[in-house]
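Each structure below appears as structure tokens.
The same chain A turns up in both complexes below, where it pairs with chain B and then with chain C.
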Partner chain A sequence: MEVSILEYSDKYLKALVRNVPLPLINALRRTIIAEVPTMAIDEVLFIDNTSALYDEIIAHRLGLIPLKTDLDRYKMPEEVGCKDITQCREVAVRLILDVEAKDDIRVVYSGDLKSEDPEITPVSDKIPIVILSKGQKIALEAYARLGRGREHIKWSPVSVSVFKYLPKIEVNLELCTYCGECVKACPRKIFSIEGDNIKIGNIINCILCRACEEACPTKAITVSWESDSFVFYIESTGALPSKRIIVEAFKILKNKLLQLQKKVMEATK
Partner chain B sequence: MKYRCGRCGGIIDSKDLEILPGIRCSYCGYRVLYKVRSPTIKRVKAI
Partner chain C sequence: MIIPVRCFTCGALIGDKWEEFKKRIAQGEPPSKVLDELGIKRYCCRRMLLSHIDLIYDVLNFTRPS
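Then we have the complex of A and B:
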């Protein structure tokens, strides 16, 4: 397997992965979406809510706010046998929202949530939750805990986890007339003609739409893909850095495979 | 269960509503009543 990182930051990661079977990279993609744990609000205790929205709608919106996650300090409720997360300090974090629109209409934002743990806070302070008109108020306690995307998508650490085949474009120079039709047709501007030469730019940008193939009057272009090379892309919700998401996904995948190996060994003894 | 009158703001118990015919504020007779939120804490799953 050969891996080269194309783009990287805490929020996203794009890599070119060569010589890897499709099921393996798909297993990684699915593990990232459904198995890597993150923090999200799971229980909400409403003390007061005179806003126009039902408690359930506000609770749902709170659940979907991505929270910065510390995987090293918190445990999954099942690991410690916690039945009620409002009672387990090692499992859950309490966030308090107490807002009143005294003088004018007011938008309640994620930044109004006051967390008891300064490291577990909303990824962004500017996520709107509800609009309060003058005199309305909302007071609640929200409890966030670790969970996995397979249970509810709010616990998924990524907004995007995808891969595509690495495109392969072949131009038959004996048939090519350098007419420039492919340059006009390509939506990703991959082709360029310089004199008597056709140049193919960054192949990773190709979306395999085959517009160039259709536009070519002499059928000199063939678009295909490499069956064991992929462009892999993840975009974090901000709950975890992209690097940590990949590391955790590999750890989980490895543990699952080891468990499978153990079961097979036990069964075939 | 308690209701608040839309005009005078008086709090009316549901039992008081049964005394007079129809739904009316027992203080001012206004016919628009709002349900008052229960003082207990309501627990909701964020799903």
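Then we have the complex of A and C:
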């Protein structure tokens, strides 16, 4: 097994993973999407809303705002048996929104949400929640809690979690006439021809579309892929740093396997 | 109506980029360049901003009774 990082920041992670079985990397991908918990607003109590948008629309928009998440201090509601999250302090964070458009049109931003926990705040302060015209006002209490992507996508820590096979392009030099048709056909500009030399650039950019195979008049090109190497890519919503998402996903996956092992051992005793 | 918070297809945050996008388009910059500079790479997210019309400004004056 071999891993090399191609792109890495708090928001993105792209890695080339070699010699790893497909089910393992797919389990990681699915765990990231559906099982890694993050914070999101789940209950909204409206005190006043005279804006043009319905309460439900505003509550939905609030839910979709990604919140910076602290996984160490908060627990899942089912872990502590919390039925009503507005009542459980160890489970939920309260955010308050109270805005009135006094003399002009006023855009209400995610930055206007006042969180009772300074570390659980919206990822961006510039997300419009609602727009108020003169004299309209909105006042509400929102409760954010930990949840998982399998329950609602607003709790998923990633917007993208994908992998593809590592492409493999073979050129039969006995058949190649250096006509340049593949150079023209490739949408990712992978080929280049200099005199009697055909060059293949960055293979990771190949999307396995096989346009070069089709365009080649002498059928000299074969596009295939390595069955145990993958280009893995995740893009965080900002709720958790990309590295933390991977760490948590492996923790959850490992726990599930340990549980399965335990159950099998008990059943066969 | 109002700019969606996230991309309908992939779920990436796009709501916070709308006002800068709108401002720069109004100044005559080409949309493709602005989208690239805002870091919106996929076409699912790009269409969210490109095809959006701020209808909320038309319904803004209809206040609901409190």
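Keep this in mind: the second predicted complex is superposed on the first by the 269 of 269 C-alpha atoms of A that agree within 3 Å, B and C clash if a C-alpha of one lies under 4 Å from a C-alpha of the other, contacts with A are read in each partner's own complex, and residues count from 1 in each chain.
Following the convention adopted for this analysis, a contact is a pair of C-beta atoms (placed from the backbone, for glycine too) under 8 Å apart; a residue touches a chain by one contact, two chains touch by 3 or more.
Computed from a prediction, not measured in an experiment: that's the story for all the values here.
Novice: A:A142 contacts which: chain B (first), chain C (second), both, neither?
Specialist: Only chain B; A:A142 stays clear of chain C.
Novice: Answer with first, second, both or neither: which of chain B and chain C does A:P66 touch in the superposed model?
Specialist: second
Novice: Figure out whether A:I105 sits in contact with chain B (first) or chain C (second), or with both, or with neither.
Specialist: The answer is second: A:I105 touches chain C but not chain B.
Novice: Just chain B (first), just chain C (second), both, or neither: which does A:S161 touch?
Specialist: A:S161: touches no partner chain.
Novice: If we overlay the two complexes on their shared chain A, which of chain B and chain C does A:I127 touch? Say first, second, both or neither.
Specialist: second
Novice: Is A:T50 contacted by the first partner chain B, the second partner chain C, both or neither?
Specialist: So A:T50 meets both chain B and chain C here.
Novice: Using the touch criterion from the header, give the chain among chain B and chain C with more contacted residues in chain A.
Specialist: More residues of chain A are touched by C.
Novice: Look at A:T31 in the shared chain and tell me whether it touches chain B only, chain C only, both, or neither; answer first, second, both or neither.
Specialist: Once the two structures are laid over each other on A, A:T31 reaches no partner at all.
Novice: Pick out the shared contact residues on chain A: the ones touching chain B in one complex and chain C in the other.
Specialist: Dual-contact residues (chain A): 48-50.
Novice: Within the complex, which stretch of chain C touches chain A?
Specialist: 1-3, 5-7, 10-13, 15-16, 18-19, 42, 56-57, 59-66
Novice: Please name which positions on chain A make contact with chain C in the complex.
Specialist: Going by the criterion above, the answer is residues 48-53, 61, 64-66, 105, 107, 110, 123-128, 130-133, 135-136, 153, 156, 159-160, 235, 237-238.
Novice: With touch defined as at the start, can you tell me which chain B residues reach chain A in the complex?
Specialist: Against chain A, the touching part of chain B is residues 37, 41-47.
Novice: Okay, in this complex, where on chain A does chain B touch?
Specialist: Answer in residue numbers: 40-50, 55-56, 59-60, 62-63, 142, 152, 154.
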